[in-house]
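The following pair of complexes shares a single chain, chain A, combined with chain B in the former and chain C in the latter.
On to the complex of A and B.
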């Protein structure tokens, strides 16, 4: 229904759009062989920006070859520019006779930066310079060289703040794309790891990389990811969240169909299941597709702790998920419509508590939920020092004062507080946030229709979830459709040596991931014999 | 392959959906038991009814497999000619709509009598039909997947309901066996069969199976599984309530009220109601889907989705108009009404189609078409 509204709206918007496209700033044409022309055009392209640095050099045997080095201050490593570019041109250039020789020499061996590329379109040259490369132009040559001299201030690799774990790697992604890809490379040394890069955003020209493992990921899915990314024709990509909204399958769903994470080990785990990661420059949050519902209830730690602990923790999270979705609505339904379902003493006690409260249970629940959500939001945004004050006030307001003021019953406070705690148990914030919204809806339904309302709401959710797909994979897989071989790593986690096959939808290209019979066991008599003999021989 | 529906379901999903739709009429009410003069023999009636239903289901499946890519609506047109075929198609659509109407009304009645007496029955029926239509609109694939999930939930609660009242069970209540002979069992057995006749919906589902070979196995399993569940429930009901069971309006619901474990697990009838609502929704979705696709095929329209919501609304209206009261509804579910009606409509059409297929099969369909 939302979809239909949207279509109506967008037809309106398209009509009014016309030529509202932003100026892309791209420069037509090739690099000229005359240096001053190039210089003017580059200057014009950047509009005389203050951080653009030109360095004019005279070199060659007769000092007649003029060269130009262009870079952006702050994006380059100054020492590297001096040593690898400028020194090479000035010192080594004394034996050059012609610009052609100079250019060939520079390209072949002299520029000692690790990445040197030849470009002939001015637009490409400028894009590289804007990305932190140093550009070298020589008078009389219609081509330019760009050297990778990037080096800017960046945050050190830190523990991921949103996904802390007790056991496992403490490294988290940072804002620099190259560092992030290196974090993946360091964990997957095999050359099968493919990293493709593209630029998205007409003005921001944000670098976006797709990572997958060749031979494991489906070609079609990789192609689909490429296509969806190429489709994006917008001014700006500020964060991977922007990309997520452009490429997700269900833009009107409260549930996210793309997983995001700050943890390299989570990404490598997903890559090895045949999934695809999308890394965006400027944000530590990496997107993983296709994502399924169970992945949102999974933490990397489940795989590092022993398997039955991991399994029990997962079940706990599933329970917490349902509690955070339905507990207030259940309370409202039972106290308003179905008192007979509670044990009699409990009914009496709740009735006594609600004695002086002026609102019906629905209003009470919505009110307390609202207070709780406001407190949470305030606590998240405030500086840490003030945040503490908020939590103290919050504890007083939501707890003691509300009860004493006769606004809420103690049971309701307990329900709301527990619901809040349960919603923190969902490991991925983007899922928890959707559930937060749905909880209000469920509460209203329960207030109107009682338990029937809850069942109806849950059924509607089930229909919705069953219809969702993420890049061709059913969102509820392996729960609906039931895929028995994938249930081993869904709500429970089988021991690591039993996780022999990859998930069916994403990993069908290379179904097995380990040899059979890796289950540890005491050596049999024969094996002991062999070990014994080998040991003896070794001893000699 | 008709383009009306594009999805595919697996044999397991088919089985799940069938079991759910057969379990619906016994989870709260238990139509067969109320017309028994000797409730002790309820389990014999349900067992007999189940066994008698297997040939019918096999017939439907065999007929369907002769036309592996056509629904019953489409091949009835092939077999009976254009007009007679369309007429049979419309009768079947009518039958499925009446099933939807009946289930929706049943659900509404149960909620208004047992849980929320002050809410108008229309509220429950409209919400239920709307949700089911919503599921049906998304196609058979979604209905199948929800069935596959829902069946575990429903089975779990059913089994809990069957096992936990062990304190109250007196198996002496089951005696005497067949005190009055087989004759009083005829009508209740017929009722059991008449609910199994709803499996004619298989005629719509079969062409969308991803492996048609599974059809026979899984539909027979579905009949057996739901039949055994029903027999078990009949035994438990009689063991708990004794001969008075036939006086209860909603025996299975009353059974769940009996459960009390350690003064903690009490009054779990809400959970029963929840599981039952879930299975009713899936049944409604299946039959709404079948009737919408059927109607689209009768009139040669390529999108069945546009029919789903109107048909749901019509079914709700029928559910209100058909029955004057809950008593009326329960009387309708007895053999002399529902049984005769379904025998004529479902078994009758199947028989006509099968005979036509046999006759034509000798004339036109070569061995290549017949499997």
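On to the complex of A and C.
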């Protein structure tokens, strides 16, 4: 039904879109051999932007060679521009006789920046300049050089704020794509790590990288990711969330089918399972595809703590997931439809608490949920200092006062509070948010139809979940379809030495990831013998 | 212009909205509008042919949970109310005119039957409790000895504010610690009513008056507690009519035979010393019986195996020095058990009610013979049954001491 509405809406938009074809800012043609022409065209392309810097130089033996250095202020490391580019041109230029010689010399030897590239299309030249390179043009040459002098203010590598763990790496991704790829490279030293880059966004030209491990990831899936990314023909990519919405399999589902993380170790773990990471410049959030439901209930810590602790924590999270989805609705259903299901003292206690409350339990539940969600939202947005004040107001004023004022019962406050806490136990925020929305729906269902409504709602959800796919992988894999070999790392985590095979759907190209029999054990008799001999020889 | 698709989508949305808002509320009741009935009682009404139904409804606002409530400690957290009708259902419906909260039966734990009413037969009353969907079959049937059910429902406990809760605890203790209570629930009762060669029992309850001049500080400040409830054995039914009562030892005799003894105390006289007693605590017990027919004469062999610990001893005893004492105590224990069994059988035979299910067992073992010889005349036959008792009594441990404290002078 949503789809139907969407189609209607989009038809409207298409009709009115003709005029919305914005100036894309792309400049046609090659670099001219006449410097002033190039200069004007570049200036025009940037619309005389204030941060565009032109440096005109006269060099050559007779001072006859005109050169132009173009860069954008704030994106380049100024010292590097001075030392590696301008000084080179002026100091060494004294022996140049012709522009051709100057150009060849500069290209081959002189420009001491680490990356120098020759471009002949003006568009490419401008794109590089916009990306923080310094462009060098010489009068009389129809080509340009771009030097990598990028250097801008960036945030240092910090602990990931949304996915902090007790044990494990404290590094999180930052906003700079290159730093992020380096974080991956540092963790995967093998040359199999592939990083492909492209630019998306007609105006933003955002750099987007695909990372995968050659020989592990499926070619088809990698190709599918490339295709879906290339399909995006939009003005802007502001954050990986935009990409997520352009390429996800189920755009109308409350469940995310793409996992996002700001932890490099989570990404490397996923890469080694044959998954593919999409890194976006300008955001620390990296997308992982294909994603399955159980990945959303997994924390990297599960793999670092000993396996049974990891398993128990996972089960706890699964329980918290169901609680955050159904607890208020169960409470409403049981107290308004199925009073026979509670033990007598409890039912009397709840009845005593509800004495004099003016709203039906459903309304009470929705009201308190609403209050809680508002508080949470306010707490997230506010500065930390004010945030504390808000939480105090929330806990004391709203919670306690609502009870005293007879607007809500203590049991309901308790249910809502616990549900809120349970929803924070879901490690991935995007899933927790979806569940939050569904919780309201379930509460309404429970208020209308009781347990029957909850069961109906859960069935609908289950059917929906089993229908979801993420880049060709069933979303509920390995639970539905059941894949026995993958159950070792789904709701429970088997010990590392038992995690021999990669997930069936993503890792079948290289099925095993370790040698068999790695389980620690006392040495056998022969091994003891060998050690004994070695020890003796060593002693001699 | 909206297209066909849009119309369809709008219609779907509309249907969803209607379904969500108008569908339900069938069976829906906010918890604070429900009158939770915790116990019900049935008596004869004053008008001829009518039934008086008395219910005990909880007053949640007077319970006083963890937080401040409107109730105070003096306020009774329950309300006892009666209504009458020609049938139970009519009486239940008549409750609506008195109780502002809709009566709700799923939490009812007891059906109390007044003695006078029970002697006339209770099947017609049980039908509604069996038939109604809110009711559970795990409800205890209690017969009030020498009292009306409405009186029994007004008794209170000193230590429990909600009388049915207190009665539940008493009943549980009587079942598991004493084994001196008849324990048929509605389900068992109905099955036994329907069964051949078996008659139902019920829990026997009495009202004991509280001593009024009771002046101990810390007593609940409530006005008066008129009477309290005590569970004193079992009520014996023949078919659905109450015919008599088993006292506590007889009830335990019944429980020995049917294998329901869980624990309890057996008091024996101390071997070799008049007037001194030894208390034995039952650890484990098994009971079974086997009816046999010889020349159309029925003999029932009751087998009881029981283990006990020495609980307390009067006078001096040294178990290490006198092993023969051990055997003697076991023999006395066996005798006590056998006596209880025989007393129960004698009472049942006197009342003409096969509460043990001897007939049913006979039927199970030899249906043909049962049908041919006994079915129609089981009532007389039951009175003449010869019952043999075989008891295996074992004493296990003697607590933390083997030898009692000796007083030396």
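Some notes on this structure:
Heads up, the rule we're going with is that the second predicted complex is superposed on the first by the 538 of 540 C-alpha atoms of A that agree within 3 Å, B and C clash if a C-alpha of one lies under 4 Å from a C-alpha of the other, contacts with A are read in each partner's own complex, and residues count from 1 in each chain.
Methods note: a contact is a pair of C-beta atoms (placed from the backbone, for glycine too) under 8 Å apart; a residue touches a chain by one contact, two chains touch by 3 or more.
What you are looking at is a predicted structure, and each value in this text was computed from that prediction instead of being measured.
Taking chain B and chain C in turn and counting the residues of chain A each one touches, the greater count comes from C. In the superposed model, A:340 lies in contact with both chain B and chain C.
In the superposition on chain A, contact is made by A:463 with chain B only, not with chain C.
Touch criterion met: A:360 reaches chain C, while chain B stays clear of it. Once chain A of one complex is fitted onto chain A of the other, the partner contacts of A:349 are limited to chain C, with no touch recorded for chain B.
Look at A:450: by the touch rule set out above, it reaches both chain B and chain C. In the superposition on chain A, A:153 makes contact with neither chain B nor chain C.
In the superposed model, A:481 lies in contact with chain B only, and not with chain C. Residues 337, 340, 449-450 of chain A are contacted both by chain B in one complex and by chain C in the other. Within the complex, the chain A residues that touch chain C are 1, 4-5, 7-8, 335-337, 339-340, 344-345, 347-357, 360-361, 403, 410, 444-445, 448-450, 453. Interface of chain C with chain A (complex): residues 3, 5-6, 8-9, 12-13, 20-21, 23-25, 27-32, 34, 36, 38, 58, 60-61, 63-67, 69-70, 104, 106-107, 109, 134, 136, 162, 165.
Those residues of chain A that touch chain B in the shared complex are 337-338, 340-341, 343, 449-452, 455-456, 459-460, 462-463, 466-467, 474, 476, 479-482. Across the complex, chain A is touched by residues 10, 12-13, 111, 115-116, 119, 123-124, 127-128, 131, 134-135, 138, 142, 144-146, 148-150, 263-264, 266-267, 269-270, 273-274, 277-278, 281 of chain B.
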